[in-house]
Amino acid sequence: MFYHDKKLQYKVRVDKPNPQFARMLQQAIGGIEGEIRVCLQYLFQAWGSRGPEKYRDMLLDTGTEEIAHIEMLATAVALNLEGATNDLKDKLVGENPLLGAVMGGMDPRHFLSSGLAAMAVDSNGVPFNGSWVVGSGNIAADMYANVMAESTGRVLATRLYESTDDAGMKDMLSFLIARDTMHQNQWLAVLEELGGLKNVHPIPNSFPQSKENSEFAYSFISTNIDPTDKGLSDTGRWAMGTSIDGKSNFSFVKAAPHGQEPKLGAPDPKGHAQTEQMTGGIVGEAAAGIKTVVDKVRDKLS
Amino acid sequence: MFYHDKKLQYKVRVDKPNPQFARMLQQAIGGIEGEIRVCLQYLFQAWGSRGPEKYRDMLLDTGTEEIAHIEMLATAVALNLEGATNDLKDKLVGENPLLGAVMGGMDPRHFLSSGLAAMAVDSNGVPFNGSWVVGSGNIAADMYANVMAESTGRVLATRLYESTDDAGMKDMLSFLIARDTMHQNQWLAVLEELGGLKNVHPIPNSFPQSKENSEFAYSFISTNIDPTDKGLSDTGRWAMGTSIDGKSNFSFVKAAPHGQEPKLGAPDPKGHAQTEQMTGGIVGEAAAGIKTVVDKVRDKLS
Amino acid sequence: MFYHDKKLQYKVRVDKPNPQFARMLQQAIGGIEGEIRVCLQYLFQAWGSRGPEKYRDMLLDTGTEEIAHIEMLATAVALNLEGATNDLKDKLVGENPLLGAVMGGMDPRHFLSSGLAAMAVDSNGVPFNGSWVVGSGNIAADMYANVMAESTGRVLATRLYESTDDAGMKDMLSFLIARDTMHQNQWLAVLEELGGLKNVHPIPNSFPQSKENSEFAYSFISTNIDPTDKGLSDTGRWAMGTSIDGKSNFSFVKAAPHGQEPKLGAPDPKGHAQTEQMTGGIVGEAAAGIKTVVDKVRDKLS
Amino acid sequence: MFYHDKKLQYKVRVDKPNPQFARMLQQAIGGIEGEIRVCLQYLFQAWGSRGPEKYRDMLLDTGTEEIAHIEMLATAVALNLEGATNDLKDKLVGENPLLGAVMGGMDPRHFLSSGLAAMAVDSNGVPFNGSWVVGSGNIAADMYANVMAESTGRVLATRLYESTDDAGMKDMLSFLIARDTMHQNQWLAVLEELGGLKNVHPIPNSFPQSKENSEFAYSFISTNIDPTDKGLSDTGRWAMGTSIDGKSNFSFVKAAPHGQEPKLGAPDPKGHAQTEQMTGGIVGEAAAGIKTVVDKVRDKLS
Amino acid sequence: MFYHDKKLQYKVRVDKPNPQFARMLQQAIGGIEGEIRVCLQYLFQAWGSRGPEKYRDMLLDTGTEEIAHIEMLATAVALNLEGATNDLKDKLVGENPLLGAVMGGMDPRHFLSSGLAAMAVDSNGVPFNGSWVVGSGNIAADMYANVMAESTGRVLATRLYESTDDAGMKDMLSFLIARDTMHQNQWLAVLEELGGLKNVHPIPNSFPQSKENSEFAYSFISTNIDPTDKGLSDTGRWAMGTSIDGKSNFSFVKAAPHGQEPKLGAPDPKGHAQTEQMTGGIVGEAAAGIKTVVDKVRDKLS
Amino acid sequence: MFYHDKKLQYKVRVDKPNPQFARMLQQAIGGIEGEIRVCLQYLFQAWGSRGPEKYRDMLLDTGTEEIAHIEMLATAVALNLEGATNDLKDKLVGENPLLGAVMGGMDPRHFLSSGLAAMAVDSNGVPFNGSWVVGSGNIAADMYANVMAESTGRVLATRLYESTDDAGMKDMLSFLIARDTMHQNQWLAVLEELGGLKNVHPIPNSFPQSKENSEFAYSFISTNIDPTDKGLSDTGRWAMGTSIDGKSNFSFVKAAPHGQEPKLGAPDPKGHAQTEQMTGGIVGEAAAGIKTVVDKVRDKLS
């Protein structure tokens, strides 16, 4: 279970409130790269953890830490919205500074819906979506989901860092960027513990590779059909040498169909396709006649 | 631009149509682990690719291949739905086999909405969501997004493999599982080309680490406050030794607040909080009196 | 503005409550083919109607009628759920009939969330989505949106008709199917009034066709590259003869690129791509060196 | 910031795992009535709290408690899924027990996506949606949002209680139901502190009622036009007596339009409505002629 | 069933069209605090109403009234967009006034998608979502959902009122604000009829409180662990005195775990976790060996 | 299966990058009127095609072409974002050009999330939604869905054309507008092949019209109750003459209820409505007494 104190994990200071930056920070709260996602992702992975206990413990630690990151960012949003209704008065035309701020790129819902506070949405006001919370039950797949989240998360944080000149905000982001550095390393450390690339892959490593179609398991397939510019995809590491998982060698092949042309059955009469779909395209009364016969036959057979 | 022929990339055969399995296959089409996601993800990454050209070429190849995978699975769904309205007749009660199939776990929209064909939804009928298409502009972050997609994708495919006894379906899945093996290796091969863990991390490697708060960049933070069971998270690789990116050493610390208690300003009068929020909780007429004074002062100042 | 009386537009009778059928009916309430969509679509088209007044009047009439259809279906759902907790007792195992009904295909939220009443969701519990409400400001485009809605709506209604043996439900559906017949005809009547195919198309007919690239305006483009099976798409009406809008002749051509290979600029340094994206794939310290130089040059130039 | 220990807030025991009940429990995790919603709602309200400090403190306490409720329910889901692949073997037909469970009402994604663990979705697999997290900046409105959440939440919990015979699950639910009792009382206690109905309403109480149109502020408007059955809505408390907020008296009036028929301007030419929308419905060449003239005039004027 | 006339419920006048304000008004149409939500919410509650008939009658009256509110707001949006393509010409740079308007905060879809008319979306263009339509089958829970909707709705309307200087718009909003006043009172009147706080709570009042865990039903639980700043949450009404429902006394307790540490079973082999999850973290060949043995044993037992 | 070459279907040139126009172009990529939708729609229709083979062939051709359109637009977005971080420097205030661009109407996620590249979202950042992909199994309904998509699509493209002065963008759009002209004609050509309006309608034409309630199949129903302004809806083609499908005559009737007042049963006790819903509104102890008796009777009967 969970506890709190009233202090922030790291200081949050806004020297010059900026409602546009408040909007941008929302991406780090409710966006797919944001903190609600990693918070719930690590906690759900912990709560569903099966296997060595230390991974559950570790996931709980970091999932709990992430709640504090949402808190920091939500505080930063609220502070950036302080005086949002007045700050832009001089810069923008009109007697209505609120509208001015919205004209200037503020999220209108920061005023209309939340009364100058953070929301569980991204920088375009698109709500957080639970589908982003990945916990597959396979720890290696989950660790890659986590590395990915911390990688896009750190990229986002560095872009936010570039987007502000506010010293307080830069300081807060320098902390969050550092934590993302750690968390990237942390999930990679689990992958190392699990034996590294050669033992971990292909994920899941518990499925016998004898059951996969080995002819297609290590060949790069190029769909490029241009005879004059075949591209450079045969020059990469993925097209030659030992596979990264150490289990075979890469090859490079041109795409070719190994399957048949698909043939589906006729429409089921109860599904009420157009009559012509059941009569080979013959239209009108002739079609109706055919369908009547077909229906009768079907009725007898069924 | 893009071309097609009429054949499938690999053969799709359904020996015994099964509408429930059709529903399960939808997860591999329109689910977050599914083929629409990887198809659009690789294509959007290609179309936005900045940097060495061979990565664009390679992403286009594989993004195009994935369209063929959606096609195979959509064909498999349609074939599994053949006769969906009759197949269960004997097994389930009632005069109404359609309803019987729905009772038995079929997606009702496979009959009601698509007329026995695949849809762009997951196995619960939740529509594909474009937010899942990740292309960050940072190739290393994207490669992790791709490894993650192929890892959860291969886990899904092996679970589908376990869920069917249909030889045709198992054969199709053995192909898709093999392609996921290749694709995991393929994205890892890019990461190797980019210099491996020590050069790639922390992502983005173009942000000067001197700007992150180094005090917090390599320490595992434990939020566990139980004095009697501190858990095992100090026993993992992430708590000791050289960091995976080779740039520092891991340490283990207990969570502690480094920030202040957050203090937000009073509500903006135009935001129409309750009067008591502006009067320190004093209610009723007294509160209204206080607010009148406050408003007057504000008016003068603004 | 709007008024009501307490009676239904048409009688709704359920002879034998069936919670599975209740779930299927939800598709006609909150699904993309359902009545909330057409109701809001016609009303929003009316409220935004610009041009001859009679179209606004007519849209208001039919939009208002559709509210009554939602009402009928919502009533049908509630009646089909009467006794949902007991009806399946004998048929399904276990001491827990509620669970039995859910096992048997009932929407669990019909019990858990709504207490045996209709909801604004489809037959999989996916919520109604406002993006389905189409009103483009172009009346011809809107009429096609409406024909399409009534066509998929009538297909849905006939499939529901096939899915039940309940005489009351069949009677209600025979009414709704009839209204869909009228509404298909109604929107087509507007298109006839607007001058029929030759005047209406291409939509919008107010855009001067001289500004479109006429070379590509009436040719069917085939992307099929299989030399052995070129398919039948050159045998259709779309590949020969006068175009349907009467403004040109159809032709059939094979797909070929008319554009260049796209070339994007280098990543913006503030966007923090990987360093190797800016150094042509050269990794590690060498890359960092290159980037340092590049950054300095950029700084000077900017 | 936040901390945890490894124990649950209350014991979670599943005597007889049941994958269908696991699915139903998801409603209490990721549904609109569920614990993720209240957890984030109370925390976001705390983080954006402006006004007396004790409300922030109290919201943090309860928001933090709710994380523990998600944890309990996630644990309950995982335990109900133990052996999901075997438990139903004997009861259901076929050689494939997994498919059997899905046929029987299990969420297929509990196997396919999460590997027998909880997800951030509702009982139909619809993902949690951040739009449900309400924090308006007005504490009274927020308290009603909270009472509502705890009321629908407790209704849900009692329905889950009725849906299971598992003694462990009933025990867990008896705890959660009790907490919902407290939390209903808790948010009502704030409303009492804020002065009760007469001081709190109308929300926001900081907007001068002199600015609202007082003619319409306390009258119940009936839209019922049936002369033979006017309904009973004039017999309720809302149609007579002093208003609940004590500021006026209720009255009962029949709906009547007080506004005009809306008239919108002609379509903007750049918006490319159909030509006939700009020519009063005159079609074809005549319409084009009119439009040409109109366009010329517009061009001159602009 | 439903009827209409062509007039608006109240006059809608826009003195000075403003596309930014059009965007803000969308929040009151398709946002979670908006009129589509309350309209459908009251109608669905009516259609699913079980119990005294007068509540159904009353809900139908008000649900029908709300359609007229959507109509007013949709009209207001269209009028605010009149001339959107020209109005800002002089104020904003560039030869392209449309783009200028978008730069200035207009919703681009108001031009691109709807041709200068309202849409079923919020002020950020996020579509209306059917999950917001709450009808629980419990009338008291529903009344709180309604009070909440009218409270956040009136807060929104007052904020819109503050955001405009247009006399027509202020007049329209003064009407809508008044109706929200009435509707807050109206739902509260039902709660009074149902016996007031002491009879209504805890909701549902039909669940025997003897079945809830009484130890936890009236205690405020504080999760604050800071020994130096315990916060003020023990000073509120919720921490002392008779409970609001009159059934017990409030108490204040510190959070403590009453449950065990959760222990989940091993991963099911068919779910294809990583091998190391089944071998206690032992990696590589050794792990594979263990798994082979385990699989064999499982095969024998099953 | 699918192939590609590296060139674009048509040239994409941006003379003057404009991040606001990049945002507007997103509507044509990930919006409901956009290219991802038609691409997936035609492909899914092809993959589920039942009936004459040539329609599958033709749908595959055009579905494949549409991928190239997404590619063109994604390229156009990336090119419009080139230098997004510098271009507005001089025009907008402040030291921070990034923020300036966002203030000026750029999608912040174009910088924060994608690093200056296209995303699978609309012009408001709302993600593409798979529910828009319509394939009903009825070819005529599908053709109308396609005509509608190409009509709203061409309207969108002409509005984008009006929104830019960039010669390169106008050239690209003149190509896309031309393709929409063809595709409107193409789907209409299928409808002509299927026998035209009289054979095609009502859709589905395979449902015997004898089973629909013929009394209501061809009458326009007016819900307008205003005795002084009955509107003009009786003056349209839909109110008189032969129906468009040639199967009857239109008539005009005033709306009137043909159904009963709906009566639902009492709440199921397990659903825990409020006690008063089961006791006719009698509150408090008296209600509880009634409920106890009722429960006992139910228990005996069940």
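Order of writing sets the labels: A, B, C, D, E and F. Residues in every chain begin at 1.
Going forward, a contact is a pair of C-beta atoms (placed from the backbone, for glycine too) under 8 Å apart; a residue touches a chain by one contact, two chains touch by 3 or more.
Just so it is clear, the structure is predicted and the values come from calculations on it, not from any experiment.
Peer 1: Spelling it out: a chain qualifies if it touches subunit E and also touches subunit F; which chains qualify?
Peer 2: A, B, C, D
Peer 1: Among C-D, D-E or E-F, which chain pair copies the contacts of A-B, with over half of them the same by residue number?
Peer 2: Same contacts by residue number as A-B, out of C-D, D-E or E-F: D-E.
Peer 1: Counting only Cα atoms for the centres, state how far subunit B is from subunit E in Å.
Peer 2: Distance between chain centres: 25 Å.
Peer 1: I'd like to verify one number: the distance from the centre of subunit C to the centre of subunit F, where each centre is the average of its C-alpha atoms, in whole angstrom.
Peer 2: 4
Peer 1: What parts of subunit A, by residue number, touch at least two of the other chains?
Peer 2: 1-9, 32-33, 47-48, 50, 54, 57, 60-61, 64-65, 68, 71, 75, 78, 98, 104-105, 111, 113, 115-117, 121, 124-127, 129, 131-132, 136-138, 140, 152, 155, 158-159, 162, 193, 203-204, 207, 223-225, 229, 231, 255, 257, 259, 261-262, 264-265, 267, 270-273
Peer 1: So in the complex, which bits of subunit E are touching subunit C?
Peer 2: Those in contact with subunit C are residues 1-9, 30, 36, 40, 43-44, 47-48, 50, 57, 60-61, 64-65, 67-68, 70-71, 74-75, 78, 113-121, 127-133, 135-138.
Peer 1: Under the stated contact criterion, what part of subunit F meets subunit C in this complex?
Peer 2: 3, 5-12, 32-33, 53-55, 57-58, 60-62, 64-65, 68, 71-72, 75, 78-79, 82-86, 98, 111, 115-116, 126, 129, 131-132, 134, 136-138, 140-141, 144-145, 147-148, 151-152, 154-155, 158, 161, 171, 174-175, 177-182, 184-186, 188-190, 192-193, 197, 201-204, 207, 209, 211-225, 231-233, 235-238, 243-245, 250, 255, 257-262, 264-265, 267-268, 270-273, 302
Peer 1: Going by the contact rule at the top, pick out the subunit C residues touching subunit D in the complex.
Peer 2: 1-7, 47-52, 54, 93, 95-96, 98-99, 102-105, 107-109, 111-113, 115, 121, 124-127, 137-140, 193-195, 199-200, 203-207
Peer 1: Name, in rising order, each residue of subunit E that touches subunit B in their complex.
Peer 2: 155, 158-159, 162, 225, 229, 261, 270-272
Peer 1: Taking the complex as given, what residues does subunit B use to touch subunit D?
Peer 2: Interface residues on subunit B, with respect to subunit D: 18, 20-21, 23-24, 27, 31-33, 91, 104-105, 122-126, 152, 155-156, 159-160, 162-165, 223-226, 229, 231, 255, 257, 259, 262, 264-267, 269, 271-278, 280-281, 283-284, 287, 291.
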